[in-house]
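Chain IDs A, B, C and D follow the sequence of writing; residue 1 opens each chain.
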């Protein structure tokens, strides 16, 4: 292994949850060194945080533009190689775009952009740049999600004919029922959070999970949102009928008002020869259903798993790994890609996933607003 | 308790699975005696079966019409009081109608009729008859389903805003992918099985479960079927968007090609203050979700349950009861009603449930065939 | 199938839980008719109960001795064939003995007797009588317990080397911590309940489950009880080290003060080639563990199960059956035996199980009282 | 937060699983910098590994003694502060002892030493040194294990009266049944692995878990091992009866031949007022049982948890954390202790746990070898 990859961080300072997730993941396989950052729009806070986590202060920049310009002055051998974008959603696009335009690799939080239009622009920028670009659909990093993908690819299910994905959370519930709170929380303000709350924040993960595991593309969809209150203009719940071509159909269900649910992402895939069921809150159990055989439960670390899955497990079977480990797997895949080492396309989600995600989000809104008509994805 | 209720059986002879379910249920609380029957269209088979289960042969009739005419000749104190209709679907309507017209109580398997039109005619006949009429949506007899209903009624969830029901089976899967078999199985022949396979057979249970547990009515729906093959004309899979008025929305998912699934009926209800989750294959566990408290798991037989739920449990907590016991509870409720004893409306599904079920089935077909438009239920 | 078997009932009247369990089980496969009974030591209560469940009053006897003498006066073709003994424990022995001595078949609740001495006397009486004798270790009637037995017999685990059974309940907990209550409850009074509470009531089920499923015999044991309070003289909790010969060892854990536990019987068997895990509160799931393959979950009704298991399932996979169904299976096995039909030895527990159970119970007490020494079973 | 703590590593190089567990844990909260190491007895391998994970080579020492002597030459402000001992078991004692004697803090893998005698010597050395000493009973770092401890401390269970811990693995199974393999594997060679295999490696975790969560001490024990084969001299399976004084009893079950089991550590605690159940393979679910209330399932990250538990969770509820996160919590606790910051005694296991662990291991062997007599712990 060559030297550690020089990592820059944008956002993720202070108590940021996403910040600690990315930092732990970056360190997990001894692949990255944080060498530069803008942790916060407030420079002093950025510096304070850098001190707190004890990293050198000399490349803690006052703002993003300075980071770019200063880093470009450094010799390539010292310069940040990859930037991890963990800022609020609306900043993803301008930052990712400028990073690509200046030849950096990018790890970008989702949603990749706030509009499909931006996503396509970013795709063009990426094509020109030729660098590595990853979107952190973290759940694809779980060993058992990787195993799902590989089982489908191996033909274990035969032709897929039905997909059912769910992402139920309850976190907006205590807010939505309070008239005052629901007016003031930024997540329900479209000027701040984009055109969709529920689909933009979580439905898109379910969408990505389907495409990741089945290898199929959703062709068209029909969506119905629930806003719960007349004065609320953002979807907090929705169901999406999907068609994947040739009698392959399914449904995506997402809710932020599924009271008491925590982080209930789950997927069921059914094919001619078998079915697969996985739930994020019990990530180390993958259920394989059959017409004729006992139910099988796959667990990480066993040699009966695919190489892609085994690559995502660090300890022997029975030592539970979790969401940090899933993100760690994604960071490792990116490290391999940056170093030009061999890697499997299943190791991290890419620009394509990001673009399709935005296509999906906008299509759900379009379908709902048009009176629940079918909308075709590109 | 007065004398046992005199029960007549229509269908359910030989190896009939539904037959044994009803017989065990009828005997469960020492409420019923089978005194007459037409177990089979073949009289000899009927007689043979009566011998096999050792019941008197003198009232084993050659056909349904004879049963009616002969029983009417008997004094009321000896006459069959209630008939249990377990015949193929298309016979439910004519039999139930004639039974009602002649003053009998009726326990009818679902679907109650093959068309909504018939269902409404039956409703009128029932109104005139004034006897007891029950439809065997068996799953409502489970103690934990009853507890769901009572928790919702008690306000434990506050206002409901989201419902999600699933009924996934895999049994048609081995048939559907075989071009020969799918052409010849009667369940996929609309002239024999009615206008819907998946919604008619199982989707309607999910529908009934929602209305039973929430006490709300589904107002309108939008449905998309999957036929899997061009030459198949019956739905084997479908998803139904539902609206229950005033920002209450949800989804019903049903499939007979969910490969490897057994009898996967499940329901999730979310309200302002909490959520409830129940699965038919683990019927003795009811999950209550909260924004702020640990997940609670209700189990049968505990005094923290409602009276309606406790009435459905025969043994102390930890002694699993199952589907036979659920049906037994329904039969007991009907016995109470026939005897004029006090009973809770939650003890058995009625004509109203039967009529609404047919309304639902036809609406799903109408919605799908119209290009997935919203269809209003009566 | 010939005529129904003429069943007599001893005990089990009124609200008796065991009574309803036996009655439902007896009716389950249309095999038995209750023709005579002593439901209660109070004749009037017996008659009232017979009226309540609407059975003929003419053979509701004032007491057990009268039942015997009067039944013997009847022609054999009308006489009770089998008696189900559901009385308090201390009556099991005298009743079963007299029944056997007079040529009746017997279904006896457990514990079969209150002492090992009595058990051996009963065994002799049974040998002489040559009739059918069953002990209702009900849990052996579950399809998945039968499947465990058959998997072990088929060699699926190879040589067994480790067994672990647990039976944890919490029902004495609210009593034991109250000095007044624990002095007055009959279950903790050895003059009324026999020499052991916890092992006699539930530990013995765990013991029987081990011998039933593995086909091996426990050779010796070492036991430590917990009485919880100085003034309590009955075991309410205990752990038993067991040896089954040739490096086959294990443990039985039983408790009636496992606070909050319901009816937590569970068993784990490990052999050279695999393991099996089953829990009574989720009786329809049998887990098969392997060094190299995914965990397999067996469920009832599938054709991959053994004949003995399939015989215990009435409905298709996914329709949960429970404790009543398990007892129904035992009654069916007894019916086959009484009729001289073919049956599998795994269909119901016999005199041998009963005798060994008492041997076990007394051995645990002897071991504990001797300062936790090893005690050999016969 | 002051500067990162200067961490030295002993062992854990190459593909070492324990190595990656410790490195990830150390980095998790940005608390530690690896500044020196002896990753391997082979200096070149040590250097290569240091290159591989890209840490400075100047303090990668040829051996442990050199590490000590060279580090002592450095000014205290540069010197390694804490050493993490990840070497084979027999090296734990001499290394830990010398580290303590020279004033270093120590994080030591378990078993802390190979004999109880050594453990007591180490305890004395630690007392003299006054530095921080942690033993990595990793499982105590799980948020739900911490919550167990706090629930017990808060009196939620009342007086404890029963404890049941299990640690079942299957990994030796494929080895033990092969006469050749079981003779040659070092884990079954007492000259290499110490006096106990099963209790020394895993039983001791179950022991520690009991004392950690209940706050009680095991006073005496009686143990029975299973060696499976005559020619095998190391325990591969054992059951331990335990007494914790004043009618508090329980059992520890451990096996390395529980075929198909992965890492099955589980614990059940019962007290006057309630019970708690936790399983390592589903670490984010803690079950609270009650005589009168529905079963409660505690999950990490919710504000209903104790501070100690919440401190162990990095992300919102529903984002599974695992074994790496548990170890990370232990490292964080040690960091706080080293920095003189406030910390809860529940944050990491200490010398006391290590000493008691060895006392336990030797007592189990003594009990078994003496013919299963009771052995008192100090």
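Here is the rule we go by: a residue touches a chain if its C-beta (ideal position, glycine included) is under 8 Å from a C-beta of that chain, and two chains touch if they have at least 3 such contacts.
In this text, all values refer to a predicted model and were calculated from it rather than measured experimentally.
Visitor: Name, by label, each chain that touches both members of the pair chain C and chain D.
Guide: Touches both chain C and chain D: A, B.
Visitor: Look at all chain centres (mean of CA atoms) and spot the one farthest from the centre of chain C.
Guide: With centres defined by C-alpha atoms, farthest from chain C sits A.
Visitor: With chain centres taken as the means of their Cα atoms, state the distance from chain A to chain B in Å.
Guide: Their C-alpha centroids are separated by 42 Å.
Visitor: Just give me the whole-number Å value for how far the CA centre of chain B lies from that of chain C.
Guide: That gives a centre separation of 35 Å.
Visitor: Using mean CA coordinates as chain centres, what's the chain B-chain D distance in Å?
Guide: The answer is 55 Å.
Visitor: Find every residue in chain A that makes contact with two or more other chains and list them.
Guide: 261, 288, 295, 299 - these are the residues of chain A that touch more than one other chain.
Visitor: Which residues of chain C touch chain A in their complex?
Guide: Of all residues in chain C, those touching chain A are 288, 292-299, 302-304.
Visitor: Of all residues in chain D, which touch chain A in the complex?
Guide: For chain D paired with chain A, touching residues are 1, 3-4, 17, 20-21, 23-24, 27-30, 33, 51-54, 169, 171, 261-264, 280-284, 299, 314-325, 328.
Visitor: Mind listing the chain C positions that touch chain D in their complex?
Guide: It is residues 157, 161-162, 164, 166, 168, 170, 173-174, 177, 222, 224, 226-229, 237, 239, 241, 247, 249-251, 253, 255, 257-261, 268, 270-275, 288-291, 295, 372, 374 of chain C that touch chain D.
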